[in-house]
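Take a look at the structures listed below.
In the two assemblies presented below, chain A is common to both, partnered first by chain B and then by chain C.
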Partner chain A sequence: MHYVLHYGQITSYLPYFIEGALLSLELSVLAFSAGLILAFALAILRNDGGPIASRLVRGYVAFFTNTPQLVQIYVIFFGLPDLGILFSPFAAVLIGMTLNAAAYLTEIVRAGLASVHQQELDAAETLGMGRLQTLRYVILPHVFQVSMPPLSNQYILMTLGTSMAAVFGVEELTGRAMNVNSTTFRSIEVFTTIAGLYVIITFIATILLAVFGRYAFRARVRVL
Partner chain B sequence: MGIDILGQLPRLFSSYNLLLLGEAALTTLLLSAVGCVVGLVFGTLLSLARLARSWLVLPLKIFAIVYVEIFRRVPFLVTLLLFFFGAQVLGFDLSPLAIGIISTSVISTAFVAEIIRAGLVAVRPSQLEAASVMNFSAWQTLWLVRWPQAWPLILPPTFAYLVLFIKDTALASQIGVLELTQAGNILNTKGFSSLLVYSTVLVLYFVVSYPLARLGAHLESRLGAPRHSRSRGPLR
Partner chain C sequence: MRALKSICALAGIGLLAFAPVAVYAHTMDEILSAKTLVVGINPNLPPLGQFDDKNEIAGFDVDVANKLGEMLGVKVSLVQVSSADRVPFLVTGKADLVLGALTRTPDRAQVIDFSLPIQTEALSALVLKDKPYQSMDDLNSADVHLVEVRGTTPLDYVKQHLPKAQVTLLDNYPDAVRALEQGRGDAIVDVVDYLGTYTKTYNAPTRVIADKSASIDYDCIGIAQGNAALKSWVNTALFQLESNGFMRDTYKKWFGIDMVYPIPFSPYF
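Let's look at the complex of A and B:
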């Protein structure tokens, strides 16, 4: 139990880690944006797409929210090549995270859409707004105002989820930590350092999202 | 190639492999259940420390805030690797399963603490004022007034968290815990098609998780008051 911490050995790797953190952020931003667009499409299909589409969306959401993201990416990365479909590790992780995020985000968006009152839509119609105008000026602001806290929450969870990419050999923050761990054997220092980096990244993300939501959609997001 | 994959089905579902998958599914459930029970116990203590007003417990309060804010913001995989390699470096001889259970407990304590805090905060201040007017002690207020009103708000999100956590335990395969995903890895190494094996694992996770998720939704509609929708998410 006489272990001496040597953070000095790790500090030279900090730029390497920060680059990895940027890759993690890239992954989470891409997957979140793509997932959100897909989620809007799915939520609208679920609400007004007829009984069959609605069932399919429900099945999709149930399946993706009840199975682990890791195994979903396993199927995409290791399973699909059996059928002759090959992806790079980054693409496989991105596709898996997007599909998974879309399922969770569909539920959030649907709750947001459900909170738009019929009177607001009627008022928009009375003012002579077209469908797109109603969407842009009435529905979307309302949805984002209501859904900002769960969306921000989901984004943070997704940022943490990007650490899974390390399993598939993507060199993001966790992947780089594994590399440094196997060259320096300073396990405790390496993993506490990147844990700290994750805390910092997600704190910045929470604050930025809260500020953005406050000014763009007048949404109240609690930071601490 | 599709025929080749389907041809493996009977061999994949041999009694030995089914036993392996069944035991692995139990380990998956064990990991998340133990994590959540430990999380409930320590999470309650942490949330009480965080809500306490007395100056005496200020260090505990700071500890609770720091603990919760840190462990909700560190990926589960990183926690697992930290404990796994940390135990090795420090010379503790722990099995991967023990490390998995410790990690799940540590993480779920942070998340459950936040759920419990949200539930306790949702009890109206007037109730606590009434208790204090009636000369209830702090303990009586907590036990007789606050907790009975808070637990219907706490139980559904905790259950939802347990279901969410079942899927996170898939990461424990990375340190060699023999749970469902690791059983999939083993079968894949034995030469079965990875598409077939991992699809089977996905289906098994679904079979474990879906009924629990439905039960959770049922609990929520039975217990959850409309206003508790404010306190649902673990992170805001």
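Let's look at the complex of A and C:
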């Protein structure tokens, strides 16, 4: 082994990498938020939507949690254009990640909903709370507190999963690292640098999620 | 007891597999005594390398690699490489030789050695037939979308000569051509020899814009740096294959045409 580390050779690419990291962060935050909203709708349909809707949601969750995300995005990116539906690379990846996230998040949200006791709902009703008030002050804080650890996990997995966007022409962090690696051949330096950047963006987002939970729902959660 | 022993032995082998091993490319002696030459081939780069009906890699590069192995009297073991990891495979000793349209560049020459050229490449553009573009210069416009492959040298040309065009980078040639066919881009700037193969494979009507002033790249076989014995043997063998017509015939067999810019016989090479 005669390999000498030369981080100096890639420091000029740092702004280029940070831009890519922000794109990864954007992708994961958008897909997570949209997926979470969709997941709430699906979880409620699954619980109270009647037998047909409930079965459909179960089928959706089973399908999307048992196929690779890469394959799902391939269908959207290369399959749908043959039917005349052409999404931009960013949109195709975002839609694929959102649909995938919604499937996993549905189960997480459902577990959170199941942890709300009937007595609490009865108490809310006794206090004269409306349905929306009950949702805002009783159900959501409960769901958020119980679901925070699995939500954070899922969010981190999604952020790391954005690396597959490079395959579809989205110039996020991993794609940019591949570009720099193919011109500098500094594989160790390039990929350890972006590994560090991934840790930073997942950490930032986990803290943001905890802060949001703390102020929106007074849910006390530990980040580390 | 015997079961326990074999479990221990298995665990030991397992551990060995993960033990850090100093990576060196094989020397000529090691290749000859192991009777195996490890060659990196890109299976996503027809007609240089592609999976055939029997799901085995076949193509121009494979024929050249097998011929070299035959001349050296060793078995050729093919490993799959992609455009972006051809050089790393040599640097880390995972392959003795690497093919796959490896263009000779000073940057790469800092970390690997090159054989004599086995193939030339000159850039041109594959465009959808109904697009108005007539010359390379027409492609230098902000409303032109190019589809290119990550980690390839045409990207430098695009950066220099077509800086206004928007570029989408994909992972491999099949994906890039598919994306062009589906309307994700207006043109692919790459090498005319390969474009001929793809126009046959895909349905969308396309045409080629040639660029007579384009500079010619010379593609070589990559060899781990400092492996002088192997390099000098490969060069001698290549000279013989070039002289006896093997290279020309093999090229024509796979590309369907003679090399657009033949490799000049000059003392400079």
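Note that the second predicted complex is superposed on the first by the 203 of 224 C-alpha atoms of A that agree within 3 Å, B and C clash if a C-alpha of one lies under 4 Å from a C-alpha of the other, contacts with A are read in each partner's own complex, and residues count from 1 in each chain.
In the analysis below, a contact is a pair of C-beta atoms (placed from the backbone, for glycine too) under 8 Å apart; a residue touches a chain by one contact, two chains touch by 3 or more.
Treat the numbers as computed from the prediction; the structure is a model and nothing was measured.
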item	value
Touched partner set for A:N181, first chain B, second chain C, both or neither	both
Touch count on chain A, higher of chain B and chain C	B
Which superposed partner A:V167 touches (first chain B, second chain C, both, neither)	both
Partner chain(s) touched by A:Y137 [first = chain B, second = chain C, both, neither]	neither
Partner chain(s) touched by A:S152 [first = chain B, second = chain C, both, neither]	first
Touching partner for A:Y7 - first (chain B), second (chain C), both, neither	neither
Chain A residues contacted in one complex by chain B, in the other by chain C	1, 78, 81-82, 166-167, 178, 181, 185, 187
Residue numbers on chain A that touch chain B, as the complex places them	1, 3, 62-63, 65-72, 74-75, 78-84, 149-150, 152-153, 156-157, 160-164, 166-167, 174, 177-178, 181, 185, 187-188, 191-192, 194-195, 198-199, 202-203, 206, 221-222, 224
Chain C to chain A touching residues, read off their complex	22-23, 83-84, 87-88, 91, 107-108, 111, 147, 150-151, 168-171, 175, 178-179, 182-184
Touching residues on chain B, where the partner in the complex is chain A	1-2, 5, 65, 69-70, 73-79, 81-82, 85-86, 88-91, 163, 166-171, 173-174, 180-181, 184, 188, 193-199, 201-202, 205-206, 209-210, 213, 232-236
Residues of chain A touching chain C in the complex	1, 78, 81-82, 86, 89, 166-169, 171, 175, 178-179, 181-183, 185, 187
